[in-house]
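The structure that follows is given in the form of structure tokens.
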Amino acid sequence: MKKLIVLLFLLFGSIYIYAQKIPYKVIFDLTSKDPANHQAVLRQARSIIESRPDAKLEVAIYSEGIEMVCKEKSAFVKDIEELINEKKVAFKVCGYTLKRKNMDESQLIPGVKVVPDAIYEIISRQKEGWGYIKVAQ
Amino acid sequence: MKKLIVLLFLLFGSIYIYAQKIPYKVIFDLTSKDPANHQAVLRQARSIIESRPDAKLEVAIYSEGIEMVCKEKSAFVKDIEELINEKKVAFKVCGYTLKRKNMDESQLIPGVKVVPDAIYEIISRQKEGWGYIKVAQ
Amino acid sequence: MKKLIVLLFLLFGSIYIYAQKIPYKVIFDLTSKDPANHQAVLRQARSIIESRPDAKLEVAIYSEGIEMVCKEKSAFVKDIEELINEKKVAFKVCGYTLKRKNMDESQLIPGVKVVPDAIYEIISRQKEGWGYIKVAQ
């Protein structure tokens, strides 16, 4: 019985400690074609990784958001390339959206990843305990 | 003590297995009157149930979103009726919004359900572990 | 072994009971400068605290949402002051946004609080089990 109590203490103790230090993990949900929204999420990501170098950030892009990561259409190619090169922020585009828009990976800014389904990517991260932020104004 | 260890293994083993197979459960939050948003969520729901027949989906509709499920105002009556008839997607409208807009259930597309409070419906699903997607552009 | 089973029953029993009564805790995410969105979240907060006096509500304000809580710019100074005075809804503004907009606390409606980082405030609440609602149309 003593060992049991010790075990349960360790278990709940570790849950308690965990709760004290909430890690900075966020998945951003971007479906807007408005460059003001693209700029906002890039500014927020930059600000977070500067103040919290341990942060893990992802931007899930689908629906009309896809222009943000298109080589030819994005107003923020440089900012996105820099964040990708620093390996601090992952940009993940929805495969369904690409297909629906008759686009392929070669049209994306290099380093942007394709996931089969951006919504499943988002809900999987939520389930894993990541924070969720919808980018919209 | 052996039995205890076996029990704890079973407990954490099952948590682990659970984490490996993240179920496809999503509540969509729709407050927009823009038909582009209505179309987007309907297209996403259709795409999900085709690729993942085990998915559970709900669309919580409140505030200015209510036009999407109004018989007289929706641009997508047929699509919504089909999704309801296939019993794959639940459409739940906020009772507070109905009241505020001086509307009643008879004005809704048949099969659309009324919940007392759409925000409470959403946070309850979140608490139950469903994914959350805000529909907005 | 008996004691163990009792303990595990108590543990899972309490988790079960907890799941039955989902508390009304919500963090609203507001980044819009559109007064229609300000009005919507204030109306929703008012409605919730009237029907559920036990509710805990927070509005996290950042990016272009900041005008909502500016003394000089908000269209809803009275409504916000009332909610603050009733101690039912906390309004928390992002310190990064204030700095970026060259604003200081004296320009805010009295009682509005400043947090260092609104996104971290939001994901911390999510991690604590609060519901999350993005305010957008």
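To keep things simple, chains are lettered A, B and C as they appear, and every chain counts its residues starting from 1.
Keep in mind that, in the parts below, contacts are C-beta pairs under 8 Å (C-beta built on N, C-alpha and C of every residue); 3 or more make two chains touch, one makes a residue touch a chain.
Every value quoted in this text rests on a predicted model; they were computed, and no experiment measured them.
Enquirer: With a Cα-based fit, what is the angle in degrees between chain B and its identical partner chain C, given to the nearest 5?
Expert: 120
Enquirer: Please state whether the interface between chain A and chain B is built from the same residues or different ones, using more than half shared residue numbers as the mark of same.
Expert: Chain A vs chain B: different; shared/all numbers falls short of half.
Enquirer: Measure off the straight-line distance from the CA centroid of chain A to the CA centroid of chain B, and report it in whole Å.
Expert: About 22 Å separates the centre of chain A from that of chain B.
Enquirer: By residue number and range, which residues of chain A touch two or more other chains?
Expert: In chain A, 4, 132, 134, 136 touch at least two other chains.
Enquirer: Which of the residues in chain B end up touching chain C in this complex?
Expert: 3-4, 7, 29, 31-34, 63-64, 96, 117, 119-120, 122-124, 126-128, 132, 134, 136
Enquirer: Under the definition above, what is the set of chain B residues touching chain A in their complex?
Expert: Residues 1, 4, 8, 19, 22, 24-26, 36, 40, 44, 47-48, 51-52, 129-134, 136-137.
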